[in-house]
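First subunit A sits with subunit B, and in the next complex the same chain sits with subunit C.
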Partner chain A sequence: MGIELDFPAVLERWPNFLGGAILTLELAFFATVLGAFLGTLAAVGRRSHSLLIARTCKVYVEAIRNTPLLVQIFLVYFGLASIGLKLSAFTVAVAALTINVGAYTAEIMRAGFDAIPRGQLEAAEGLALSRLQIYWHIILLPAVERVYPALTSQFVLLMLASSVCSQISAEELTAVANYIQSDTYRAFETYIIIAVLYIFLSLVMRAGFWGLGFVLFPRRRRLGTPL
Partner chain B sequence: MQQDTPATSIVSLRDVQKSFGSLKVLDGVSFAVERGEVLAIIGRSGSGKSTALRCIDRFERVDHGEIVVCGHRVDSPDVDLRALRQDVGIVFQSYNLFPHLTIEQNITLAPCSVKRMALSQAKELARKVLAQVGLEEKLHAYPEQLSGGQQQRAAIARSLAMQPKVMLFDEVTSALDPELTAEVQRVIERLAAEGMTMVMVTHEMGFAKSIADRIVFMHRGKVHETGPASILTSPTTPELAQFVGTGDLKS
Partner chain C sequence: MGGHLNFNHLLFLGHGALWTIGLSLIALGGGGLAGFVIALARVSPLKSVRLLSAVYVQLIQGTPLLVILFLGYFGLAAVGFQLSPLAAAGASLTLYVAAYLGEIWRGCIESVPKPQWEAAEGLALSRTQRMMKVILPQAIRIATPPTVGFMVQIIKNTSLASVVGFVELMRSGQIVNNSLFEPFAIYAIIAVVYFAMCYPISLYSQRLERRMGRGKFNLAPA
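Up next, the complex of A and B:
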């Protein structure tokens, strides 16, 4: 019994695949940007002098890291619906993915913050910089530089994990595959194609992060040494 | 022990006490530094020298006593920390340059963000203070491209750019070999000659003797002996005599 593969039958649906891939990339983009912001805030919050803020951030991070993404998506989806907010599947997906990746970002950024030598913070305080200025000028970029590989891997993982958003019928790549395979009865071919597309999207993201790192870390660009 | 400090004092400590847990590190420390004066704090490891210095810039809070620095009541809970630190420059043993910034950026950061100086003006200032420490050519280098002595001189330049009224040095040459020590010491000597008020913790007895107007010898959290640099050659307390004895052996 040989395997018969009929790619042309599936590939003629390429506009759908393309649309799904673009939507997946958009999901990943918005969730990455917003999640990086949220996660950084949460990491800062965990270092807050206010116990309430620090605890709240810790509970958020732990709650997210110990529940499945799909459950989080449903919670946001049905939670927003139950308070009467009718948002598009795309918006819900971005919100849920942001909340999810924000928690992982917070944990990674916390490690980055902890890696800043105490003496540099004292030097900055000695120069009369404010707390906010110290975060902005002294802590943030070196922390990001130190954890950049972990951070970018997390965002690529997020893009791949966004496939579960098909469950709330966001029209991303996996959702597209699901309906193409039920139209064409060519499941294997369909999933091979989206697997290849996911690999391609990962490469696109990694290239993007490489370029961003090039802009963000001029010292590394010039010297090539780790911080 | 207690003396009235004249109103002109840049730094004055009066009966300062400080404990870490049950360990009393400062046990009634008093001294004053006048404008243009160079004060060297010496003493055994653990005698409280760094702690005393750090109290001046409010890196440690005192438990008791009064500290006035350039008119700021440092011991008060509502001292304006950022105003205090604009008047005080501090340089540490471990340089603590910001590794992701060039030397120029290290220097311009505080003037630009704290004093809201225009970048072009701050860059000019950076050139000036780097010339003061003999490092003009390192303007665009990153800290890791500099030797230890150069990094320490850059750190001094970074402090000078804030135009402090007093500079604090905590064993700024301890991490350096003799040659690099000498180049940092020359920079400090020049600052002294220009009239900068300075408080320095140092293990280099020869340097203390040559540069300090006054010596504070700390022993077990107290100012055990104080006086002009000549006390190093003719100490009155046996503790200082013993200390300079061993100190000389070390250097």
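Up next, the complex of A and C:
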């Protein structure tokens, strides 16, 4: 049996592919913003003097990092449904991805916090900065600057992982592909096309993060090293 | 519909869990071998080999595992190569794991201190001897903690094989759920089983990392 590939027949559906790619980027965007916030909160929580808060944050991080995203998505999907919350697949997907990436962000941020030299904290206290000022200027911002590359790779991985949301019928890129291949019987071409699209999206995200880092961290730009 | 979770269901889940471990071992074995080749290719003296392996890593790392799986199972079937779910999942995971392990191990090979490379050259060792007798033994030490850590990723990623119908832990949970329809309880059980498999490995990897951290000071050149 000869192999005949017919990409044009599948590429005809480009508006669907485009729609799916945009939804994938939207998922990644919301989950990244919310997850960065949640993860930072959890990382701060792990340094808390209250044992209860510190333990809770640790349990959250370890529970998420040691179970598959697919299971988490189903748990959020059916968990929310069982308490009577009927949300759209998109909202559920954003919630599950946020919870997931939050744990990884927390672990990366913790490494960033741990890398702050003690002397800087003592110096800040010596200058009579308030606790809030110390947290913002001495701990949080330098930590983010330091772990920025690790954070951004995590967010790109999140965008790729969002393909799993096709399993709860969020209409993102992979779900669109599943639909198109069952419609055209051209599974090979369809998945090759979305593979290329995912590679393109991850390059776009990396370029975007690089540009953002260029604007956000002038010190890193000038010295070539984080502080 | 209806009924309660009974011993047979748990037995079925246990069977699925064994296949999760089996598939993880296949992925680790296949991906480890291929990843080793990728790592060596990434530090090859030949520019074309370096470039080719770098392109491979970039392509795989830019594609979701789920899409690779779909390509291997539905995509190849559509052009006449029907793979079984196990073969498709094993092959896809191998390709995927090879790219990531290859990249991790390249980092480890490159982090063997420069003087070691120079000393080996100064002793007139051949390229192969230098790699086999000087660089790799040290690189393996550095590589152990991140490799153990990556095993957690492998176990978690095998859950995606459920999507092409391979009956591992996740898929067996879905099948049990189809007869009981208690999704939250069943997926919670599944999550606990995954956690029980992954967490000890995570802890072990962290312990190895801490031990390495101490060891590094002993290795530092005077």
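Details
FYI, the second predicted complex is superposed on the first by the 223 of 227 C-alpha atoms of A that agree within 3 Å, B and C clash if a C-alpha of one lies under 4 Å from a C-alpha of the other, contacts with A are read in each partner's own complex, and residues count from 1 in each chain.
Throughout what follows, contacts are C-beta pairs under 8 Å (C-beta built on N, C-alpha and C of every residue); 3 or more make two chains touch, one makes a residue touch a chain.
Only a predicted model underlies this, so the values are computations on that prediction, with no experimental measurement involved.
With both complexes placed on chain A, subunit A has more residues touched by C than by the other of subunit B and subunit C. In the superposition on chain A, A:130 makes contact with subunit B only, not with subunit C. Once chain A of one complex is fitted onto chain A of the other, the partner contacts of A:11 are absent, as it touches neither subunit B nor subunit C. In the superposition on chain A, contact is made by A:217 with subunit B only, not with subunit C.
In the superposition on chain A, A:68 makes contact with subunit C only, not with subunit B. When the two structures are aligned on the shared chain, A:207 is found in touch with neither subunit B nor subunit C. In the superposed model, A:85 makes contact with neither subunit B nor subunit C. By the touch criterion stated above, A:33 is placed in contact with neither subunit B nor subunit C. Those residues of subunit C lying in contact with subunit A across their complex are 58-59, 61-68, 70-71, 74-80, 152, 156-157, 159-160, 162-163, 170, 183-184, 187-188, 190-191, 194-195, 198-199, 202. Subunit B contributes residues 57, 59, 81-83, 85-86, 88-90, 92, 94, 96-102, 109-110, 113-114, 142, 144-145, 155, 158-159, 162 to its touches with subunit A in the complex. For subunit A in complex with subunit C, the touching residues are 1, 3, 5, 62-63, 65-72, 74-75, 78-79, 82, 160-164, 166-167, 174, 177-178, 181, 185-188, 190-192, 194-195, 198-199, 202-203. Across the complex, subunit B is touched by residues 117, 119-120, 122-130, 133, 137-138, 141-142, 145, 217, 219, 222-223, 225, 227 of subunit A.
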